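Chains: A, B, C, D, E and F, in written order; residue numbering restarts at 1 for each.
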Amino acid sequence: MSRLDAYATPWTDVARHLAEGEGLALLPFGALEQHGPQLPLGTDTATATAVAERIADRLDALLLPPVHYGDTWNNAGYPGTVSLSPETVTAIAVDIGRSLAASGARALVVVNGDWGNRQPLYTAVRRLNAERILPAIALDYPGMDDAIAQVRTSPGAAPGLNHAEEVETSIMLAVEPQHVHPERYAAEYPVFPSDFGTRPMQLHPFSPSGVFGDPSHATAEKGERILAATVEGSLAVLADFISGLPAR
Amino acid sequence: MSRLDAYATPWTDVARHLAEGEGLALLPFGALEQHGPQLPLGTDTATATAVAERIADRLDALLLPPVHYGDTWNNAGYPGTVSLSPETVTAIAVDIGRSLAASGARALVVVNGDWGNRQPLYTAVRRLNAERILPAIALDYPGMDDAIAQVRTSPGAAPGLNHAEEVETSIMLAVEPQHVHPERYAAEYPVFPSDFGTRPMQLHPFSPSGVFGDPSHATAEKGERILAATVEGSLAVLADFISGLPAR
Amino acid sequence: MSRLDAYATPWTDVARHLAEGEGLALLPFGALEQHGPQLPLGTDTATATAVAERIADRLDALLLPPVHYGDTWNNAGYPGTVSLSPETVTAIAVDIGRSLAASGARALVVVNGDWGNRQPLYTAVRRLNAERILPAIALDYPGMDDAIAQVRTSPGAAPGLNHAEEVETSIMLAVEPQHVHPERYAAEYPVFPSDFGTRPMQLHPFSPSGVFGDPSHATAEKGERILAATVEGSLAVLADFISGLPAR
Amino acid sequence: MSRLDAYATPWTDVARHLAEGEGLALLPFGALEQHGPQLPLGTDTATATAVAERIADRLDALLLPPVHYGDTWNNAGYPGTVSLSPETVTAIAVDIGRSLAASGARALVVVNGDWGNRQPLYTAVRRLNAERILPAIALDYPGMDDAIAQVRTSPGAAPGLNHAEEVETSIMLAVEPQHVHPERYAAEYPVFPSDFGTRPMQLHPFSPSGVFGDPSHATAEKGERILAATVEGSLAVLADFISGLPAR
Amino acid sequence: MSRLDAYATPWTDVARHLAEGEGLALLPFGALEQHGPQLPLGTDTATATAVAERIADRLDALLLPPVHYGDTWNNAGYPGTVSLSPETVTAIAVDIGRSLAASGARALVVVNGDWGNRQPLYTAVRRLNAERILPAIALDYPGMDDAIAQVRTSPGAAPGLNHAEEVETSIMLAVEPQHVHPERYAAEYPVFPSDFGTRPMQLHPFSPSGVFGDPSHATAEKGERILAATVEGSLAVLADFISGLPAR
Amino acid sequence: MSRLDAYATPWTDVARHLAEGEGLALLPFGALEQHGPQLPLGTDTATATAVAERIADRLDALLLPPVHYGDTWNNAGYPGTVSLSPETVTAIAVDIGRSLAASGARALVVVNGDWGNRQPLYTAVRRLNAERILPAIALDYPGMDDAIAQVRTSPGAAPGLNHAEEVETSIMLAVEPQHVHPERYAAEYPVFPSDFGTRPMQLHPFSPSGVFGDPSHATAEKGERILAATVEGSLAVLADFISGLPAR
């Protein structure tokens, strides 16, 4: 067996897969967000989709088509970024969960690719669970931070901030190299105030290019290692999640 | 010139395109909806994307990545269909319009691929215009009905109902033939009550397969003719829409 | 038997009627909307009420008092028009349906008299049915278009647009002739852009008077024929609707 | 001059009246609520309309058609009562106020006929004023209590509770005598708990008939005196309200 | 036995108290509202808390910590007043009621200290009861008006308006004398328009100091008598409320 | 100078302080949440208030009375916990910010004492800033983690989880020792699944007592050191926040 792509599959096959298989549905939740002059707006969606595909392969799960739009208010000062409100992000995930429950799915696994989606997806997942609509979990790339610490050779711009630099460029070189512009690599290390990260801030005053770090250290191999570790980290978390699901 | 794909393009190029070009953004709005045993769940998204791509090519417009989920309550009785509430569909389109306005776009053109999205997208477009957020229009395939009348050789199941039959199968043969299952073609002509179409009804009680008509008459050439006419019909409507936009 | 007017009847009689009769409640949903210099603001309410009265007579139904206000954003540019938001229209119909269910009614039939109410009433009816609050249907004058095609002698201003012209003036001559001002009849045939009807537009830029067509061809007899056909068309649709109601 | 009835008047006349006159719009806000076996469900609407008509006559104001539905949760246990939620009542009044402001009205005067509407209309009026949408006031029959104290000859069922007894029956004998059923007069004096009136309670557990007092003392003359005093009380309040309106 | 203060008590003791005792929870609902130059912003909260403490003592009830913020729009024109919207006040009380129901409480008694909270708390209590979440009641100081009539020696500024004058100053002298500034006592008797009290009005145009009456007549003894009468009035109302609760 | 307590101060003094001083308002946001058998339900409010008092002392700020209720869904399975929905928490903070802006405050500083409030307060602060209502920041005890790492002598139950154990008990021994029950100290080290912390989970299935760690190592001195470090960490963050405020 292997994953089933909902987008490309008739309902009759999807219905059978949900009824006879594990009943897991994976939803990549991305964003249309600036990632510097060298990476495309779809970077977060591409990454979340790649991670979700690999997880779905390993779990024989149903792969849903990605949500291309997220809450990316932090980057909304860069033209081309298209941001949803947090309430809309929450509503999308809750509606999808409710619909999957009616389709006979056992659980929804959201693979989140955008920092700004964390809070609204947390809210959605809590509601899906608390109101007993459908067991759900939102994964924020478990295992990725450790892998990053191992592979990165350029410093980060701020703790926990990996945006349009070595890490994300490496991942895109692994996933969609045709959309990467290496000739535009240019490092940027903004000076942040001490309250950066402690309150909601938009990023465009700090970096004109949208880069936060140094993309020139990126390689596809680093990206591949990061992705692989993220998939393993996700599977480890999901093992417990799945074992805790009610039996059919 | 030609269209610019937002998904695959860095923000710097998109910002320049919006500032220097026509400033039009095209959004394909699809659905994950049953289309019988022979067509994939992504049929509406695939069709809306194909139409939007061609329009964007002709208008040098920015093509946004599709929304893969819509309000498809009518088909929600078929497992695998994943439906959003109408309020969520409206919110997505309004949020995208608001964000595009902040990015310097001059107008949003939604190419709607799903019948159930009509009302919530109408509401969204009205709000975008009435509250002067951004000039917007939602296209429901202008010109398609005439083209269908010319090419179809099998009867429709009900007036205005083209679902998973000759028409939609022809379009998918033109757009994504690899996702069509001709070996599963099977006509279905349900008996409808006289109040069908006059009030909200779900479709699954009428057709076990989800087919409404006869897909066996489908050909890629018919699909191509329907698509071409829809693109021309859309461009005709957009000519007036664009000429009515405020000058920059 | 005959219809029962809720406005003029004590609750004890209404309760008995709902319990012992068919249990149908008819709600005329109108608008306070400009209809040119020759017709009153209450035209849509008057028409919907007349149709609802006749249907209620034929079905021994409970006739509710009309809702005098609707979503008439399209005409909001003419002073005197008073418009509700679509959300408010939906809320009114849902609340009434919920209350009727608690009163023992079997179904709600909304007779809609205003184009702008179509979408919000569709949303309301879908919710009433989907959430199993009360079986409901909203009638948008079934049968009226055919009758219009037979009686009208002046051209329409645009396909499907019958506003303050021969048709509506005829109906008001049949229903409330004392509120019609024949001395003010003045035809107006605006020039519309090609995208008229494809997106939300307000009407006042197109016709200073609010007339769209030629009221001078109006006669009470034409109005009577249109009304009679609309009542028959409504009864035909309702026959199936009623036969599909759960038995008591 | 005299009042102008919006329902029966073309927009052109209404627009002129609003522009050249005082610019006051009166809205009777009623309810479809049980009033015992002897009075019709429309009693509150009939009363509010009668009061509003007389005020409008005195002020040369625009009289809007009544809202026939209100928040009548307290009586929702009697079948036939049709209640809106408080949020819907608020939304109706706010929407109407917003629309009147766009039509050039100077102020909205709501004549409230239903106890349950008091709180949602207060909320609406506060919003209309606080957000500077339109100056507005909701009248809860000023002057009526004093008049009642003078004319009533039967005791009330509870302080401040005049429901379907001598007072309301007298008013309806003055306003719509054809809808009163004197042969059904039957007094009812429920025993109330001491916390009655201190918290939200529904009325049906206390009076099977819906009468709270003794309708047999009702006369049209008493009703007329109550109405006349209420109109005078309203005009006194409105004198200050109007004098405080911003000059045109 | 005596009251239990939730703020200062571990959950284990509270859980036992709710399970084994009467199961009543008392919530003082205050406001941060101007009370002239001589009384603190917390006056309403202090008063409601004092009343709630005494009631809780008498009923062996659970005393919840106060809500320090209310809807005090009427006083929002005085800097320092901090007002919530009515929707937020309603939401707080409904959420607390829902949570108490899950904790095993039998009923919620809100002791309201702020005029502006009356309507939103009424809405909350109605929802808690109507949706059968938890039996609830909101007390607006029953018995206080009679006690005021007996003790006051200075006239009120308007009927029913006791704000920052003899009455409230007396209560604060009894409850928190350390926060009263007698050296600032200064009477103020504004001239009100005749429509005062008939519609939503803010108070700051009428009294620059925020005083409405004469605080110089205040004594702690008067305050104590008012408080004692309010507690007795509350207990009388609660006796019936409690006797009407479903048995455990 | 020193802090000003809004609760205990007349509006006239508060208005002068806001106008002439720094214009900072501090809001302790707590919760009524279980903290084991040895600590009171008000622990989070007590801690946030203590921190806020010390910050306000150092900054000559206005100290607002605490919000005693928060979003504490994670602990809602322990009776006595009283939780608000996240939407209500957000609404409270936004309303308070809006009201402070009208009072002339320059900024709102929320001192958050409850983990569950983090997301809804983040949403509130983002809205206050993004909609330019009032500059605002929510502090989640900056500097506390480092101090904890230095003083704790018992292991934590899980990374980042300090609940009703050595840390919180130490803080309460420093702040409100009279409400601590040392005779009830009992360690609890639950076994957590590997997906703990990755998705919304309620805590009561893991620890019957509500303790997560070992309170017996608690001392007032440890608590004092933690508080002092938290105050210093907060002041460091606030230094940049304040320097970034628009000048008056």
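Quick note on the criterion: a contact is a pair of C-beta atoms (placed from the backbone, for glycine too) under 8 Å apart; a residue touches a chain by one contact, two chains touch by 3 or more.
A quick note: this is a predicted structure, and the numbers were derived from the prediction, not measured.
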Chain whose mean Cα position lies farthest from chain D: A
Chain whose mean Cα position lies farthest from chain B: E
Distance between the centres, which are taken as Cα means, of chain E and chain C, whole angstrom: 49
Approximate Å spacing (C-alpha centroids) for the pair chain A, chain D: 57
Multi-chain contact sites of chain E, meaning residues that touch two or more partners: none
Circular arrangement of chains, read from chain C onward through chain D: C, D, E, F, A, B
Complex contacts: residues of chain E adjacent to chain D: 73, 86, 119, 122-123, 125-126, 129-130, 136-140, 142, 193-195, 198-200, 236-241, 244
Partner chain C, residues of chain D touching it in the complex: 6-12, 14-15, 18-19, 32, 34-42, 45, 64-69, 76, 78-85, 87-88, 91-92, 95-96, 99-100, 102-104, 176, 179, 181, 184, 209-210
